[in-house]
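The structure under discussion is supplied below as C-alpha cells; questions concerning it will follow.
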C-alpha cells in the first residue's frame, strides 16, 4: 500500500497556506509534518482526509496492485477535538465508533482491549465527561484501535498527554506501522518514533492568484 | 446506522438532554394561548387544532440547531463527513429520524392532553394526533437542511427557525386542514391527509440530500 | 467559610450530610408508620363520609384533591426556604432539599389537576375549564417542570442548585402576581370554603375526614421528601466516587 501526494496546494480563506507539497509514503512508514503555528499543518491533514478540497494537486491511496482506494474509508482522522460525547460512557462512545467506522465488518480490537491498550483499564463505565483532558485524549487514541484502518491522520495527537502517555502513544504507532500501516502526524513535539520521514511546512503565506481575481489587495498591486 | 440511532437517542434522553424540553415548550406555548384569547371553551375548541399545530411546529424547531452543531463541536462531524455521499445522506436521514423520535414523537403523545385543555372533542383530538404523527417528521427532515446550513454559526438557533418556518408552511396548511376536515362534515379528511403524508415523504428524501450537500460545503 | 456562622447552630449540626443520613434513617420507619396510620384513619373516614346533597358521591374526590393542592403549594414554599438556604448559607443540604422536592411537588400538583378534572367532568360537563384556580395550579405545574428541567440541564450540582434557587425565589415572589392576574382574567371557580374569616362553611362530617387526609398527605410528603433527599445524597456520593475513580485510574499508571 502506498500513499502519494503530488503538488498539493491548500488554502484557508483567501490565502494559500502551503503549496507544491508532495510526498510518497510506503506501508510501515510514518510522516511527521512540522512547522510553526499557522503553517498549515492542520489544513494539510484535513485536505488529506478529504474534509477540505485541495486547491491543486492530488492525494491518492493505492494498494499493492496500484488500484485506488477511497481515502475516507481507509483513513482514521484524529483532529483537535476528541469526537466523543461527554454524556455517554467511554464504552458506549467507543463501541459506537467501532460500529460506525467499520460498517461492513467489525475489525480491530474489542472496546475493552482498546481501553487496556491506552492504559486506562477500568475507565469504561465512567461517563466520558468525567475524564481529565489527558485521559480524554487517550480514549480518542483508543478509537484508532477499535476499527482497523491502514492510514492514520493525526493532528496534534499528543496534545494534553504526559511523558508516560507519550511513550505509550509511540508504542501504539510503532505497532501500527509494524502491521503494515501508515501514519501522518502533524505535531511540534518529537514523537519518539523510529522510521519516520519529516515534512516541514515553512509557513509562508501567499495570496491566491485566481483567474477570477481576489479580495487581497497585495495581489491586485502585483497584477 | 442502528448504532448512530441508538447513540443520538441515548444522548437526547440522558440527563440534560433536549428531548423533554420540546415537550415542555409545547405544553407552555399551548397553555398560554387561552390567556391571550380568553377562556371561552367553544372558541378554544374551535381554534384548538390550529393552535396545537402551531405549538408543535414551534416546539419541533426548538432543538434543531443542535442537530449537527453538537457533533461539530466535539469533532464527531469530521468523522461523519468522511463518508461517501450516499452513506452521508443515510447518516443524515438517521440523525434526523432519531431527532424526531426523541423530540417529535413525544409531542404527538402529549397532544391529547393539550386537546383536553383546549376542550377539543375526541374525534378532533384524534385527528390532530394523527396529523401530527404524519406531519412532524417533515419538519425534522427539512429542518436538517436548515441545521446543516447554519452549522458553523455561533448563534444559529434563531436563524435555523427563521430559515425553516417558511419551508414548513405547507406542512402546517395541510396538517391543520386535515384536522379540521375530520370534524367538519362536508370536507373530506383523506385528501389533505394524503398530501400531508406525501410532503413528509418528499422532505424525507429531499432534506437529507440537501443537508448532506450543505454539510460537505460547510466543512472547513 | 465564615458565613456559615450566621446559620443557627442546630441547623448546622443537622445539616451535615452524613449526620442527616444517619438521623433520617432512624426517623424514616416512624414517619412511614405515622403516614400509614393517618392514611388508614383518613380513608376510613372518607369512605364513611356522607354524600353531598348537590354533588353526590363526587364530593369524595375532594378528600384527595384538596390535600394534593395544599401540598402543591406547601412544597413550593419548602423549596423557597431551601433556595434561601442555598443562596444565603450555601449549604449543600439545602440544594439537595430543593432538588428532591421539585418532582414530588410536580406529582402532587399533577394529582390535584387530574382529580380536579375528574371532579369537573360531572360538575361542569367538561374535563377542563380555564377558571382562575385551576389555571393557577396549572401554571404552578409548568413552573415545577421548568425547575426540574433547569436542574437536570447542568452537570455541576452546586451551580445547578444556585441557578435553580434564583428561579425558585423569583417564581415565589411571582406567585401572588400570577394568582392575582389570573383571578382578574377569569373568575368561575367557587370561592374558598375552608379558610374563611367567619369559620369553615363546610359541614363537619366532611371537614374532619378532609383534615385527617390533609395530615396524612403532609406526612406522606415529608416521608417521600426525606427518602428523595437520601437518594440524592447517595447519588452525589456515587458521582464523587466516579470522579475519584477517574482520577485514580489516570495517576495509577
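Letters A, B and C mark the chains as written, and numbering starts fresh at 1 in each.
Methods note: a contact is a pair of C-beta atoms (placed from the backbone, for glycine too) under 8 Å apart; a residue touches a chain by one contact, two chains touch by 3 or more.
Per UniProt, the chains are A = Heme exporter protein A; B = Heme exporter protein B; C = Heme exporter protein C.
Model, not experiment: these values are computed from the prediction.
Taken as a graph of touching chains, this assembly is fully connected, with contact between every pair of chains.
Farthest from chain A (Heme exporter protein A), judged by the mean position of CA atoms in each chain, is C. Among the chains present, the centre nearest to the common Cα mean is that of B. Between chain A (Heme exporter protein A) and chain B (Heme exporter protein B), the centres computed from C-alpha atoms are 37 Å apart.
Each chain gets one centre point, the mean of its Cα atoms, and the points for chain A (Heme exporter protein A) and chain C (Heme exporter protein C) are 54 Å apart.
Averaging C-alpha coordinates per chain places the centre of chain B (Heme exporter protein B) 34 Å away from that of chain C (Heme exporter protein C). Among the residues of chain B (Heme exporter protein B), those in touch with two or more other chains are 15-16.
For chain C (Heme exporter protein C), the set of residues touching two or more other chains reads 155. Of all the residues in chain B (Heme exporter protein B), the ones that touch chain A (Heme exporter protein A) in their complex are 1-4, 6-7, 10-11, 14-17, 73-76, 78-79, 81-84, 87, 219-220. By the touch criterion stated above, chain C (Heme exporter protein C) contacts chain B (Heme exporter protein B) in their complex at residues 117, 126-131, 135, 138-139, 142, 145-146, 149, 152-155, 185-186, 188. For chain C (Heme exporter protein C) in complex with chain A (Heme exporter protein A), the residues that touch the partner chain are 155, 242-243, 245-247, 249-250, 253. Partner chain C (Heme exporter protein C) is touched in their complex by these residues of chain B (Heme exporter protein B): 15-16, 20-21, 24, 27-28, 31, 34-35, 38-39, 41, 44, 116-117, 119. By the touch rule above, chain A (Heme exporter protein A) contacts chain C (Heme exporter protein C) in their complex via residues 119-123, 126-127, 129-132, 134-135, 164.
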